[in-house]
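Got some structures for you, see below.
Look at the two complexes coming up: subunit A is in both, with subunit B in one and subunit C in the other.
Then we have the complex of A and B:
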């Protein structure tokens, strides 16, 4: 089969995105015909629009964050959810909101980003290897270290939430990954994500150079350390801001980049371009599914993703670990 | 010899604390009085069932963890990390929704999860077992939550508390089931103690000593499944007890590797202690014991990985 031309893939992905967006506006907890929706009360439509906006931005952010992390570590299992980065961000966000009740949305976001950074640092100490040198085997310690960090941070965050009635109301759904139905100061994180997504495109070529090897990158005038720091900064900002909006969502950053890299081949910038519409569509679709399956109740989008994500992780692993081969720990 | 009495003594102290502690602390005389008076609601209605479940489930989990670690010779392969606990939870939720026997549902769930992980990981190296387990566990955990959201309110309310690993709804009937499975499993382990001890020596040694390997594996896996199912039925999918119990037991007592009984006692100590902490943190609200266990257990996993890395260097 000849590979599809990138233009067609872009068209396909963006039309998928548009389709899911239409579904997100059309279907929801309230059952209304499309006509009634358009001519009736504008509140419902704008509410759904806000939700779709949050879902698409965060979906794109998490997908790109996973892609960059995977390219940097050379580990296809690196995803902000599995590695515990999202959980670290969640813990810091909850702690800030609880101990400093007057903190604005921006402050919460900054502390979430700091939490993501701390979790990333812990992960690096436990399971890190040589950055960018993907050839050196696959560090299978990464998901284990991530499991530990995630369990610790989420347990602590849940403890904080459960001991306080006010944060229960605000954060109990958030912690399992719910798209916010009404705006509560999400504008700052949303704008941050958009900015970071735009800036990330310019990082792609640097990072692609680094994956060829630190020496190559150095000889071509790109300091590998700067590239690593920039990439890590991008990953933490994207993950932290996403968590500030919808809570710790796992597996999206694993599966979407896996598909995008499969479609794009070795070109990182192209994979980046595919990740944005695909990630946005996937998170919006799981939000819609969560709203529609249990009318009039709702299932948080993070749960829907986790259900498919676990299966996806198994699928990735079957590709990653060939039978009969000895596996390095 | 002094170390041999350490764990039972610790468990006794914790049992005392668990009966005496809580929102109302009971002095020694009040506690004895309460124990003698069969009508005492605080002791016989609330604290004793909770204690029985904590001890029973903790012992079952500790035992299951030690057995599994022995069978795979991998300290990471415990029921809570490789997804058996979550599988049992999914089975429990399905059984709850369909009004089937809960223990059977949990056992089927754990068995199916075990089978999936074993089939997927076969021939892919030692760590594959753990990694596939994480994937299966995550799927089962998410599916359980989704199912419970779908459930009718009365059932869901009960199950949601259970799901986060809480002992708040302890009753003596469930405790009876846990203890039944625990005693049966314990008897089997005691009967086969000699052969189970060989597990740690490796497949070659076992084969050369004339042990039927496949029968041994089926026995151990069956035991682990039953013990995991029983404990999950009682306390929900609580993580890390099975994972921490055996290494901690060996570190404390200095016992040799097949420290199944030591692990069982340590598991009971851990769960009773975690439950006590959970009760003390939030005396009024329902506070899940599983969270306390996460905060105790996850740092150990971090420590384990860190030490492993230092050794690898």
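Then we have the complex of A and C:
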């Protein structure tokens, strides 16, 4: 079988994205006819449109964030969820909102990014990362250190939310990954993500060089320390801004890059290009599914993803670890 | 004093992982030809190569590269002058031979531009020199160890630099592949005029192929010079604590070591 040409894959993925976008605009908790949507007072662009915009942006951000983290660490399981980076961002966002009630959306986002950065730093130190070695050496310890950070940060964030009635109303859905139905000042994080996604394309070839080894990258004129710093900064900003909008979302950053890398082969920039429409489509689809299956109620997109993500993770694991692989050391 | 050396190393000191690797190391490497760095395990030969390649900064002292301080060169500039191949390159099973070799063009390329004509020429001649032209679309996972070693060498050749630094290019190769690789390097030095510096384990092979040898032990220069001067019973004893005779090879006339233990 000849592999699909990249152009066809791009077309396929963007068509999928367009289809899901149409569904996201068409189907909601309330059933409406198409004409009512177009002319009615439901406010297509302010209601469902805004929600779809949030879902697609965050979906793309988390997918790219996972892809870059996996490339950097050489660990196909690394994603902003498992590594605790999202959880760190969530904890800082909740803490800021609770202790500084006057904080604007921008301030909450900056503190979420700071939280993501702190969690990433803790992860790097716990897993024993060495900038001179690139991502080598931390591949195995990474998920374990990440789980510890994730559990700690999420439980602390949950405690903060549950001790305060106002926080409960605002953040109980958010912590399980809900796409916001109405704008509460998400413009700043949305624009931040778009900027970071654009800048990330320039990082791809540099990061791909690092997979040849830190010294090899350096001898080809790309300092590995700079590559690592830029990649971690990108991951931190994307994850922090995403969490500020929809809360910590699991599995997307793991599964979408897995599929994208499978389609793209060794070309990181191509995988990046696939991650954007695919990640956007997956989170929008989860949101639509959550709105439709329990009408007139609603399930948060994060919960839907976690439900299907668990199954997906099992599939990834069976693919990554063929039977008997665990016996080898 | 060597006149017009390729590298002039002045009073180098370096501490790595709690170990003093060098404490005031000085030496010089000649321009052109094949230079071999030999010595027992842990003597600091790989680290010396990393310092020469500019990927490891010394704590103090300096390295002068063709008259210019190495530390003053930007990473990309440096990459246009010298290619460095580390020991034990990682497995990148997904990549094709040509795909990996094309990475060698990185220092010459501009962002978001396809490979230029010069890039293609350099990749083609690197593949031809290493005998890999027919394997260009093969994935790395399908290659043998010797072929894979040649692909990494082709990457360094595609970088198209006057200087190439190689860390144990013959490691994990059987004897006939070691010989064909060293013959290839000899040819690159003689026909293309490249300066090649490499870390080698095998004294006899190093003596046969290299124009100039540096013997290191415990971060100190024990011997330097052409094979006849650098490989003697005295230097073998000083390098390896080994009683050995040294006699000339009947065919190539180069020194061969016969251990007496």
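Operating definition for what follows: the second predicted complex is superposed on the first by the 307 of 329 C-alpha atoms of A that agree within 3 Å, B and C clash if a C-alpha of one lies under 4 Å from a C-alpha of the other, contacts with A are read in each partner's own complex, and residues count from 1 in each chain.
Criterion: a contact is a pair of C-beta atoms (placed from the backbone, for glycine too) under 8 Å apart; a residue touches a chain by one contact, two chains touch by 3 or more.
Since this is a predicted model, take the numbers as computed values, not measurements.
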Touch count on subunit A, higher of subunit B and subunit C: B
First (subunit B), second (subunit C), both or neither touched by A:265: second
Let me test your reading of the model: by the given contact rule, A:162 touches which partner, first (subunit B), second (subunit C), both or neither? first
Which superposed partner A:202 touches (first subunit B, second subunit C, both, neither): second
Return first, second, both or neither, reflecting whether A:222 touches subunit B, subunit C, both chains, or no partner chain. second
When the two structures are overlaid on chain A, which partner does A:233 contact: first (subunit B), second (subunit C), both, or neither? neither
For subunit A, which residues count as touching subunit B in their complex? 122, 125-127, 140-141, 143-145, 147-149, 151-152, 154-156, 158-159, 162-163, 176, 250-251, 293-294, 297, 299, 303-304, 306-307, 309-311, 313-314, 317-318, 321-327, 329
Interface residues, subunit B side, partner subunit A - complex: 76, 81, 120, 122-128, 130-132, 134-143, 145-146, 149-150, 164, 239-240, 281-282, 285, 287-288, 290-292, 294-295, 297-299, 301-302, 305-306, 308-309
Would you pull the subunit A residues touching subunit C in the complex into a rising list? 136, 202, 205, 209, 211-216, 218-223, 265-266
Seen from subunit C, its contact residues with subunit A in the complex are 50, 53-55, 75-80, 82-86, 89-90, 92, 94-95, 99-100, 103-104, 106-107, 111, 159, 165
